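These are the structures in question, set out in turn.
Shared between the two complexes below is subunit A, which pairs with subunit B and subunit C, respectively.
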Partner chain A sequence: MSVAEVSVLRSSEARQARWPAPLVVISLVIVALGFTAAIFSSIIVPNAEQENLLLGISQPSWHHVLGTDELGRDVLAMLIAGARTSVLGPLVIAVGSMVIGNIVGLISGYFGGWVDSLAMRWVDMMFSLPALLVAIVVTGIAGSSYAVALIVLIVLFSPGDARVVRGAVLDQRHRPYIEAARLSNLSSKRIMTLHLWPNIAPIALANGFLDFAFALVSLASLSFLGLGVGPGSPDWGRTLSNNMGLLQSNAWAAAAPGVAIILMAAAMNVLGDWVYERLEARGLEQ
Partner chain B sequence: MNARLWLSFVLRRLGASAAVVLILSFGIFGLLYIAPGSIVLTLLGTRPASPQTIAAVRAEYHLNQPFFIQYLHWLDNAVHGNLGTSIQSGGRVLPSIAARFPLTLEVVLYGSIIAVGAGIPLGIWAALRRGRGTDQVITAGAVAAVGAPSFAVGLLLLLVFAVDLNWFPVYGTGQGFFSTMWHLTLPALALGLASMGLIVRFTRAAMARELSQDYIVFAQARGLSRMQVTSYALRNSLVPVLTASGLILTSTLSATVMVETTFALPGLGTLLVNSVTFKDVPVVQAVALLLTLLITVINLLVDVTYALADPRILFTRHGE
Partner chain C sequence: MTLLQVRDLAVKLRERTLVSGIDLDLVSGESLALVGESGSGKSITARAVLGILPPGLQASGKITIDDVVVDGKPELASPLRGSVAAMLMQDPFTMLNPLRRIGPQLADSLPRGARKGEASRRDIAARLKEVGLDPAVARKFPFQLSGGMRQRAALAASLMRNPKLFIADEPTTALDVTTQREVLRLIGRLKQERGMGFLLITHDLRVAFSVCDAVVVFYAGRIVEAGSAEKIRASSEHPYTQALLAAEPPVTGRAHVLHALEGSVPRHDDVLNECAFAGRCRWASDACRSGSPELREIRPGHLSACLLAGDLSSRHFDFPQTGPGEAIERSVSEPILRIEELSKTYHGTSAPSVSAVSLEVGQGEAVGVVGSSGSGKTTLARCVVGLETPSKGKITLADSDVTSWMRLDRARRRELRRVVQMVFQDPYSSLNPARTIGATLREVLGAMGQPSDAKHVNELLELVQLPTSYAARRPVTLSGGERQRVAIARALAGRPALLVCDEPVSALDVSVQAQILGLLNRLREELDMSLLFIAHDLAVVRQVCDYVYVMRSGEVVESGPTAAILTAPHHDYTKALIASVPRDDRSWLDS
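Coming up: the complex of A and B.
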């Protein structure tokens, strides 16, 4: 191997595997479609849950693009209607756990000391728990409702966010701009919210994307097991388990919500990863 | 000196694990109290609520005594293998768990073998072709796999390989080694895919880091073959990957609940889901306790393996 080849190898090693632009655009489109369906489902498909027992199960046709289920409900309409609980629920979880995680992480990282070690004990403890199992057991036993499922998942997700935010705070805490703010006698609250947090927000946001993807899968898993959403709800996880028996007659009835969950989760993961990558690239330039 | 370091390390980790198990067992006992309605009615289930049955339940769970004493009685019973009676079936809890445990273990091991066996080579391949098409395809696939829920993957696998192509059975567990393998292949694939994605990412990152070290450049400059250089990097990057695989085993353990439900396999996972749905608290407590112990033991083993591979760990306190 020649010296030139070695140097070429070295320079390409510095380059990370970048997300190709088309993949990022496709992910953006998928996420946009999901949220459009979730927000406007009552306008797009007002009668999604209307049964047509005379029709029953049918294969995809011009009238029903993805066919119908056992009760003659249109699979595509159910898919769009199901986006509300399947997509907005994870958004609530991601936002909720980010709010808690940011507050705990900021305070714990900024003040340090016993507050910090107490908070980190809690984080370590929660981290050692298998989140999905805990969610299944607690949601199931405590009386399964959608609100309980959301609250349990927020509690389980916030420690991860707290850890990420705390790490970012520790990285910023001793930078000159924070020391300057301290010397100017600004209150801790003001430094944390107006000076420190804006520099951490991008990392928290990127983490929020990954939270959303994980929350989507967890919530869908719960409703697949019949926990969280009520029977007959068009929620994707629930529809999938309801239509497991239709694999031979109209496989789309079960496959469509499954594909929707997978695509939505993958797209969010790609976007989260991409945001992280942009942040890292920006960090290198500084 | 070395033996003393090891002893203190292992004792410290054992102590920490025991503390975690104790705290969690408290929470698991507390499950009784978060069920809606009175505890007596929860424990009676479908049995008639006569004064005799109520008295029996109150006596068995020491409900006349304070919460903490109830917990101690419950813990004492659990340690002695008495995990109570199932509300749903009326039978002892422990035998029904023991009957279902082997199947879960088989699926988890099979899935983990697939994840490690395919994940490590794919990760190495991606690291060797960094920044090129192969790398991008593998990395993108890994990200999609990590995010994909096992039940949806399982459903698609069923649809393609069992219903359409007819290569694998739709349900059942099979008799004998080869038939069991054949029946459990799709569940193991569904279970292992997410872990495989994680292992690919770990391996790729570790391998890429090693490949950019100076000793690799030096080895290349000395004209060693590509194979030899790769094997140097591989040896150094596998340690973190193998310890990560141990941690992945614990997440596989929880994912098996979803996969067993999807494929209707009579394992621990379906037992847990059925019991949760039925509010059969004693069974839920027993399964949760067993899983807690398993996960703690795996974590402990991972820690020790890690210390064996990198003795510097012995000098640091945990969590730093």
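Coming up: the complex of A and C.
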């Protein structure tokens, strides 16, 4: 038994025997909470944006766990309502840029030649742009719409996916199983989707998780600056900028959206690593 | 004086045992070979001795090196590593740091404080000279050296502190046959001159017999036979050792039948209370399965763990019988493949990989292309199937010009892909790990215009002698030999007239190699197929090919009927290749 075989064996046995690390469990809980809030916010807190000017700013209490803001809105309810744009937006961006990036990366890596050069020069060009600045300019010009912000971020994020996927494809392209598939009269489309992609999926998926984390922060930054989501929206970035002035009166209101952004992004990073390791361990076994 | 003593060594991976009950003794100046197929536990044993097991593996038992108790514990063994005991690893290509010159890398083996200065330079020059390298090599980078030179440099590094015990783990497996012979000769000479104790790990019994005084045969994590090389060679007392010897293809002729061992090596834990080899042994009886046989002395200095040992020599074990049946004349009626003046130069290289090669494969003929690595034989094969496009020359396949597959129109290309197919060298990467065997075969059947139902998948599996239940399995659950069978089945889906095999057995153990060679011969006959067989091993080529081309540095230096070329070679290179085929005595190393 060679040493490599033994280490593969070890990783697979370890995988079966062990629970995921505590950090992974915590991250799973955070992400699950975030998505539950995003999907069911209209059921959980139907009146999140209801103002109570008479109450005004208040410290945390039984009625308002995180207190209220200047307009008397419940901070926790706002946080839950804000998850919709703050969490689902990055999901759309991550999935969108994964789809575009994977298609471009697969084609570019598999065919090579001028197709590859063209795609990679596009990637180089996009990499040379300061992403957030472009997003600010475009959303500024095209009008501050949430959809425009999503589209711009998809376009800006997909080159990263494309390059990562292309690299993984180049590593697989000259393996005998791909060459054998080519010799067996299989169409290029079939080879790319059924043979190449499943074997590079760990990298592509892990990269998607990272995209999500970056998109979350980028989107929050945009709305912090007043771009993307409309005024009055409970989006975390927006709430963060609104509640900045409350640090003295109700620090909870100022901190909550920022903490939510950080926790969610960090948890996604941890999960991305974890998913990659698990899928890779399976790949090694294979 | 006993240099290395191992008593009752066991290595565990959590609750799983990988090897157990290992006893070894090595005296200064003697040499011992640990022989076994992959998965037998020979490498693990050697690593346990030096305390360099991969993380997670636990060694237990008594180990002393030069009267120091190490017991396989890293903290006890590490002071001895380099100074008392040194190890040479398998792969010379990854063993040296590519960014550092050879000299400083050798100096790293010296104690701290002795790495710089005139004395260390003299030391380095002396070691390099000892391994047959020019002292000027010290200023070179690894990439400036050939594989053989790198292995010599690595050998020099492990000798820097004059170890008493020298361990070599498959030192020549990654090298060419001709280089293998040189390195083995060098190791043989060094061990004699220095009087070191030498532990060789190898899968090749012939190498073990010709280099070492004593041989220990491993199977499924246990020792099944041990004794002097002389005694085991003359009359082995374990069916497994015999089977290994019988599976070895002879270079002197074509064997009527190569005796393959069916099945594969079991896991150590699955055969705790029986003879580990019982499942594959032709003489296994109930007694063999009712308890694990102890190693016992058959005659002085010869131990075997077979119940029948002592009585085995009376039983007839058919060693490969060679004889007539090899064609002396070539009778090519209608060539299926004709290559004319083919050249291929890769982008960014000046020397062509293949230069002006002409070759023919007749209908139903098996043609071999032999040469060491870098001879261009694989490039040639890849040009034939269209994985590379030649720079010059012409390839005609079944009366069609296929010099450039890219230029063929789609329909014609699809049609011709049914005429020629390829089997690749590495069975571990030639199947898509994400798909089941059945899905792979079904898909290829469909693409080849055959009905792609379960019935035809089963037919393909039966053709390569695999159980039809394998259709539901994934490649990870298959052994190397089984994967290679699936790869052959896949290539046969379109019933090609020509099968190109690129080193199909070089990554396999010898017993499995015999299975695959037998399978290829049978398939060729049954399906009336032509073979273009690429290999570096002349003995293997002799078992399969009627006609052979010998390639060196991109050119064909000699060609002719296999029997004629191998018995009466003309070219010096062919002679050198034949001399490099391992024999089971010292003769091939001495001459």
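Operating definition for what follows: the second predicted complex is superposed on the first by the 255 of 286 C-alpha atoms of A that agree within 3 Å, B and C clash if a C-alpha of one lies under 4 Å from a C-alpha of the other, contacts with A are read in each partner's own complex, and residues count from 1 in each chain.
Here is the rule we go by: contacts are C-beta pairs under 8 Å (C-beta built on N, C-alpha and C of every residue); 3 or more make two chains touch, one makes a residue touch a chain.
Not measured: the values here are computed from a predicted model.
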Inset, instruction - Kindly classify A:I80 by the partners it touches after superposition: subunit B alone (first), subunit C alone (second), both, or neither? - result: neither
Inset, instruction - Return first, second, both or neither, reflecting whether A:Q248 touches subunit B, subunit C, both chains, or no partner chain. - result: first
Inset, instruction - Mind working out whether A:I262 is in touch with subunit B, subunit C, both or neither, as first, second, both or neither? - result: first
Legend entry - If touched residues of subunit A are counted for subunit B and for subunit C, the larger one: B
Inset, instruction - Examine A:V138 and indicate which partner it touches, taking first as subunit B and second as subunit C; both and neither are also allowed. - result: first
Legend entry - Partner chain in contact with A:F224 - subunit B first, subunit C second, else both or neither: first
Inset, instruction - Please work out whether A:A162 is in contact with subunit B alone, subunit C alone, both, or neither, and reply first, second, both or neither. - result: neither
Inset, instruction - Please identify the positions on subunit A that touch both subunit B and subunit C, taking each partner from its own complex. - result: 1, 6, 9-10, 13
Legend entry - Residues of subunit A defined as touching subunit B within the complex: 1, 6, 9-10, 12-20, 23, 120, 124-125, 128-133, 136-138, 140-143, 213-214, 217, 220-221, 224-227, 237, 240-241, 244, 247-248, 251, 254-255, 257-259, 261-262, 265-266, 268-270, 273
Inset, instruction - In the complex, go through subunit B and note every residue touching subunit A. - result: 20, 23-24, 31, 34-36, 126, 130-131, 135-136, 139-140, 143-144, 146-149, 151-153, 155-156, 158-159, 163, 170, 208, 211-212, 217, 220-221, 223, 250-251, 253-255, 257-258, 261-262, 272-273, 276-277, 279, 281, 284, 288, 291, 295, 299, 319
Legend entry - For the subunit A and subunit C complex, residues of the former touching the latter: 1-3, 5-7, 9-10, 13, 175-177, 179-186, 190, 194-195, 198-199, 283, 285-286
Legend entry - Residues on subunit C engaged by subunit A in the complex (per definition of touch): 13-14, 18, 38-41, 43-44, 47, 54-57, 385-387, 414, 417-418, 421-422, 424-426, 429-435, 443-444, 447-448, 474-476, 487, 490-491, 493-494
